[in-house]
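Pasting a structure here, questions to come.
In order of appearance the chains are A, B, C and D, and numbering begins at 1 in each one.
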Amino acid sequence: MTSIGIGLIGTGFMGECHALAFRAAPAVFRTRLGARLEMVADIDAGAAQRAADRFGFARATGDWQALVADPKVDLVAITSPNLLHKPMALAALKAGKHVYCEKPLALTAADAAEMAAAAAQAGVTTMVGYNYLRSPAVSFARQLIRDGAIGRVTYFRGVSDEDYMADPAVPMSWRCRRDQAGSGALGDIGSHILSVALALVGPITEVSADQRTVIAERPLPAAGEGRERRDGAAAVTTETATVENEDQTHALLRFADGIIGTVATSRVAWGRKNHLAFEVFGTDGAILFDQERMNELQLHQPGAAPGDRNGFRTVLTGPAHPHYGAFSPAAGHGLGFNDLKVIEVAQLLEAIAGGPAAYPDFAAAAALEKVSEAIGRSATERRWAGVVG
Amino acid sequence: MTSIGIGLIGTGFMGECHALAFRAAPAVFRTRLGARLEMVADIDAGAAQRAADRFGFARATGDWQALVADPKVDLVAITSPNLLHKPMALAALKAGKHVYCEKPLALTAADAAEMAAAAAQAGVTTMVGYNYLRSPAVSFARQLIRDGAIGRVTYFRGVSDEDYMADPAVPMSWRCRRDQAGSGALGDIGSHILSVALALVGPITEVSADQRTVIAERPLPAAGEGRERRDGAAAVTTETATVENEDQTHALLRFADGIIGTVATSRVAWGRKNHLAFEVFGTDGAILFDQERMNELQLHQPGAAPGDRNGFRTVLTGPAHPHYGAFSPAAGHGLGFNDLKVIEVAQLLEAIAGGPAAYPDFAAAAALEKVSEAIGRSATERRWAGVVG
Amino acid sequence: MTSIGIGLIGTGFMGECHALAFRAAPAVFRTRLGARLEMVADIDAGAAQRAADRFGFARATGDWQALVADPKVDLVAITSPNLLHKPMALAALKAGKHVYCEKPLALTAADAAEMAAAAAQAGVTTMVGYNYLRSPAVSFARQLIRDGAIGRVTYFRGVSDEDYMADPAVPMSWRCRRDQAGSGALGDIGSHILSVALALVGPITEVSADQRTVIAERPLPAAGEGRERRDGAAAVTTETATVENEDQTHALLRFADGIIGTVATSRVAWGRKNHLAFEVFGTDGAILFDQERMNELQLHQPGAAPGDRNGFRTVLTGPAHPHYGAFSPAAGHGLGFNDLKVIEVAQLLEAIAGGPAAYPDFAAAAALEKVSEAIGRSATERRWAGVVG
Amino acid sequence: MTSIGIGLIGTGFMGECHALAFRAAPAVFRTRLGARLEMVADIDAGAAQRAADRFGFARATGDWQALVADPKVDLVAITSPNLLHKPMALAALKAGKHVYCEKPLALTAADAAEMAAAAAQAGVTTMVGYNYLRSPAVSFARQLIRDGAIGRVTYFRGVSDEDYMADPAVPMSWRCRRDQAGSGALGDIGSHILSVALALVGPITEVSADQRTVIAERPLPAAGEGRERRDGAAAVTTETATVENEDQTHALLRFADGIIGTVATSRVAWGRKNHLAFEVFGTDGAILFDQERMNELQLHQPGAAPGDRNGFRTVLTGPAHPHYGAFSPAAGHGLGFNDLKVIEVAQLLEAIAGGPAAYPDFAAAAALEKVSEAIGRSATERRWAGVVG
């Protein structure tokens, strides 16, 4: 099997996910193209070496530019903090590499557009890590909608709620700084539900949004704001800093064709761990989904049974649904979060090998950032904002 | 509207339910026969008078025999402690009255059989209060099974679990005494799930059962073992008494036609409040139900949708289901526990007026007691026991 | 027991609910004030007489003005089409009667304000039928929030979705005409979730809303647009008429104190029967509720258990929760929709007898209509709209 | 990292699972011992070679005995049809290899005991693939019970239901033949719930069981009874064969210390895909679990909150729970079925490296087979059967 050389930047939560996914994807999906684990880069060279040892990469480096320049690296996977996505991606594109970048693509829509333009010019394959699009149930929902299984879509209601910053004791981090993270909940987790809205329903043309920072000040962490601890148990100082971006965003949406909807996102929603959920209503049915129960989907079709026997069907995913069969021939056995990254990587490898185009690529992700930018603008100006085409 | 005179014995939880149901049923269901609230009896004459005032009965008495003998009383409703069901029912039958008796019909199968024989001889209408049979979802399940909607039944799994005696601090009461209550969980709540098993699947021929008393000793209540407090907050003494019947019963069942199943019941199942639940599997589908979510039912039919779109349907009850439409023309609005008694009373009044026969009547309830007796015998003898025909 | 004379206008779904509630409430709740069923009015005098016979009212009339004028009628209950709420209520107030009016109070905020002013001048007791506020779980949520059980509220997400007009074959009716119903989904079912938002979180100051009519034309019914059939099975003609109000409304909300939230409502949401649902997040917890499972509530409190044992608790309502104990001493047995009206009527009777003030009265309902008006205005003008105080 | 050589026998569903797990486990769990993928064996040598290519094994063979004898193979993983478990395991043990065997260990309790004895004599590490024990929620339940979080256990109710043979059109296969599969549903999927019962509650001493074959005859497959297709879509002939083992098994259980419980299993339970579910009640709480929603667990503790705020808590698994943190630092993101095998393999590698003993090893699995044998004996003899120690 022909293979391409993988260069992975970043060794945090997402870096580990990518590493595992590159190891597993070719075997699980029998992709035409294999993945050679060439190099890991991390600003902490020791962390890079430990990751290389653990996941079987040939080499490690503390210098991401060396990775990008390495002739054996064909594909650069970027899992660094959001701020660095742009310089890394532009460098990789300039070097003619395929680029796989974690979301959000960039801190601003303008940056994202610049990156998309560079990708177009480079003529390589790009992919952005909106991993929930890979959930078999989400892919199936997309397919159902495309096939008209619920008629014409009339309403989309999407939520992406977590509670990872609900505790006021969770310290200040780069996530709360505008120059390092851009928006708060919106870019971090809200962008996921936007990716679903766009994939399932189509382009968004106008938004009316509002935002709020619930916890205005957070304690400074004892050891600086570098690597965050997602469990919030970090030691803190008695000093505090002002949170610069929002804890909650919500917006009314207008899609093409008069379809309306909402998205809402919060990083302070107590009790929610990964509540990426949506309801899509159509003229002939409805679909409900919650990523916390990612292996099922609720489907209602009014004509599917006599009225007294009808209702939402709890469809358990199985090999009849997208992607699932590569993991197991038995329905109801279930996929997990890491499997979504395996699917994503397999789609990326297939795209590079000449298969279906990767989605969302930089262009699609830049379009999403335009919606995100319009949401921010609408919230600031407190009026409807058009998505700048 | 012609009406019959109601005599109600007992003013506890069930007595109040009956009173409300007799007030509401003729209006809700437009029964052909009305209900005149003639008399309430309670061993505590003051309680009887208060109930009469509250619910609009014409008279009250401390002497149930006076009620039974009263010429204006046409129907005797018995909600006294289980021990008294038999003498009261026999007296009422002897007096030619229709009898509506709370479950369990009697403390032993022999007593129940004697009561059924007396009812047959009296030629009146009888009804036993297995109220969960009136749940629209349960009635609908029965109808689905009868209509073959899930093919031939192959398995029945029934549970009736509550936690009203899970706390060891709940004091000794008549419910724990063999001579006053007969069995423990089985007669009190397990009989409900047996009534469902019999109504949905048919006669049970053999059982293999086991029983256990989890809390062997309970404190004696400060004020004697008379009226119990269902919330367990009664004052207790430092003395204890031995619990004489079981906290948990479960049994393997054999129905006619080789269908197999189980019932299990517990009064010490922490967290369960009214978990009367069943799963019925057939050669062409399955039905799931839980009384704690009484306004919905789960139905699976393999042929109802393509495999990738199929699953259990959550059917919300509505006017298309049995009984519901009398309460509301709008689906999903929901019935409550007290409404079940309204349905029961309406069916009783209709039966007296010449409509469909009341079910379960004394004969059917006596048949249930034979199953219950076989379960107790099987548990004692630790072997399969036939239900004595 | 002293009692007051009830005059009921209207004999449809809500008229029947009121009648049953007036029969049951004094007995269930042992209210200090009884209810004498004096008179029923319906534009169809025969229907009025049938309702009187069925529910035990002393008299019937085809002329609602006669009912309002009747000296034995102390309280006028209005369940007529929305258009008639205003003239009937004003006449009843002028006659010095207490008034119990179904929601929405009026077709416009101005009409509602006029009615509230008339009520204030009359000095009588008024109540508007936002019955879901009576759900024990909703009342309990309100109490939890008031007691600080989830800290300060930070977000409210409310939905009121049904599918009673999802089928394009459902004929045109007064509900779709602006001069007879005012708004569409918003006034009919959306007002319920607004009532919950206001009761749980407090005053709303600004809104940004959007609306859409999904099914633009509907067939004319064969027999005129009088009484609708909620099951949609009415015979229709080949002619159609234009739907004049919206099928879907949604809005961003700003409450006092910077709390934000959304409401959304649809009458074309396939599969939803009575999905009045909300999520309330606070600085120290969260509450989830869905009226389709009205007998439970989800409560999360971060400090209630160690992190690895914590999560949303499914609280089954019982006698420890508001109102429930009047119906049953046993938790998990469940109330139904009609019981909510019994609670409402009991609260009304108690208010008249000098107990806690009725809520929402005409003043509170008029305040709600101002929010509703702002939502409509915002949708039309496509910008944030202040709630006119 | 030191590593051991893996020899994998079988390339079906479970063979693929094992292969993926051996690839991933050392990286995910940073085990002290690595896994070298040495050889794959399959009776179809071509399939063996394809699997070797796909998963990265160094060599392939059509002769499992060659694999067992290979000096570079240190651990033999057996995923062949049940019939072959015994000869393969005995050969591997004789050759001094560690053995990892899929469940059920053998077709009879006597065979299993023989294998356990051989393992003891060989002094190697063994592990049997009861993978649901690895579910973080199941491991956590076990830990909760051990820590007394629900007091003393009083009841265990376990179910393992699927519908993979519910369709009468599913053809005859080795699974239905007594000499090749032993029991039917019991050995195939019921053994999983038995493994959970034993791990959570402890030894079972007596059982009363019943069994039934629902579909007595099945069509013969067009291409012989070799490899089955789990989706049931195989071409069939017009000939049929008699199913030799049961579709449904259920049993009453007696554990040590007077704890009682049930297990039930079916392979014809329409709508169930992987419904391995249990309820465990204790003197101070209760735990509910369903593998179809493997990433959550319901926990009730009566003292955890005031009565009116208490109920079952939906605990979403996360890094605070067993095994989860190796996959993700974020709760609620979820594991999938294949991850369970990764956990299993990691535990096996750690055991070989001197860590905690593997569980269940051959001895524990042989003990399970004695329970299984007692269930079969009880069903045949129709009386309580002791588990032969």
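The rule is short, and it goes like this: contacts are C-beta pairs under 8 Å (C-beta built on N, C-alpha and C of every residue); 3 or more make two chains touch, one makes a residue touch a chain.
No experiment lies behind these values; they were computed from the predicted model shown.
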By CA centroid distance, what chain is farthest from chain C?
D
Give, as an integer number of Å, the spacing between the C-alpha centres of chain C and chain B.
34
Between chain C and chain D, the Cα-mean centres are separated in Å by 53
Cα-centroid distance, chain A relative to chain C, in whole angstrom:
41
Which residues belonging to chain A are in contact with no fewer than two other chains?
272, 296, 311-312, 316, 318, 320
So what shape is it, when you link every pair of chains that touch: line, ring, star, complete or other?
complete
Contacts from chain A onto chain D in the complex sit at residues 1, 13, 17, 19-20, 23-24, 27-28, 30, 53-56, 162, 164, 230-231, 272-275, 291-296, 316, 318-320, 327-339
Which positions of chain D touch chain B when the two form their complex?
150, 154-155, 157, 159, 163, 166-168, 208-210, 212, 214-215, 247-248, 250-252, 254, 258, 260, 262, 264, 266, 268-272, 281-286, 300, 302, 311-312, 382-384
Contacts from chain B onto chain A in the complex sit at residues 140, 144, 149, 296, 298-299, 301, 304-305, 307-316, 318, 320-321
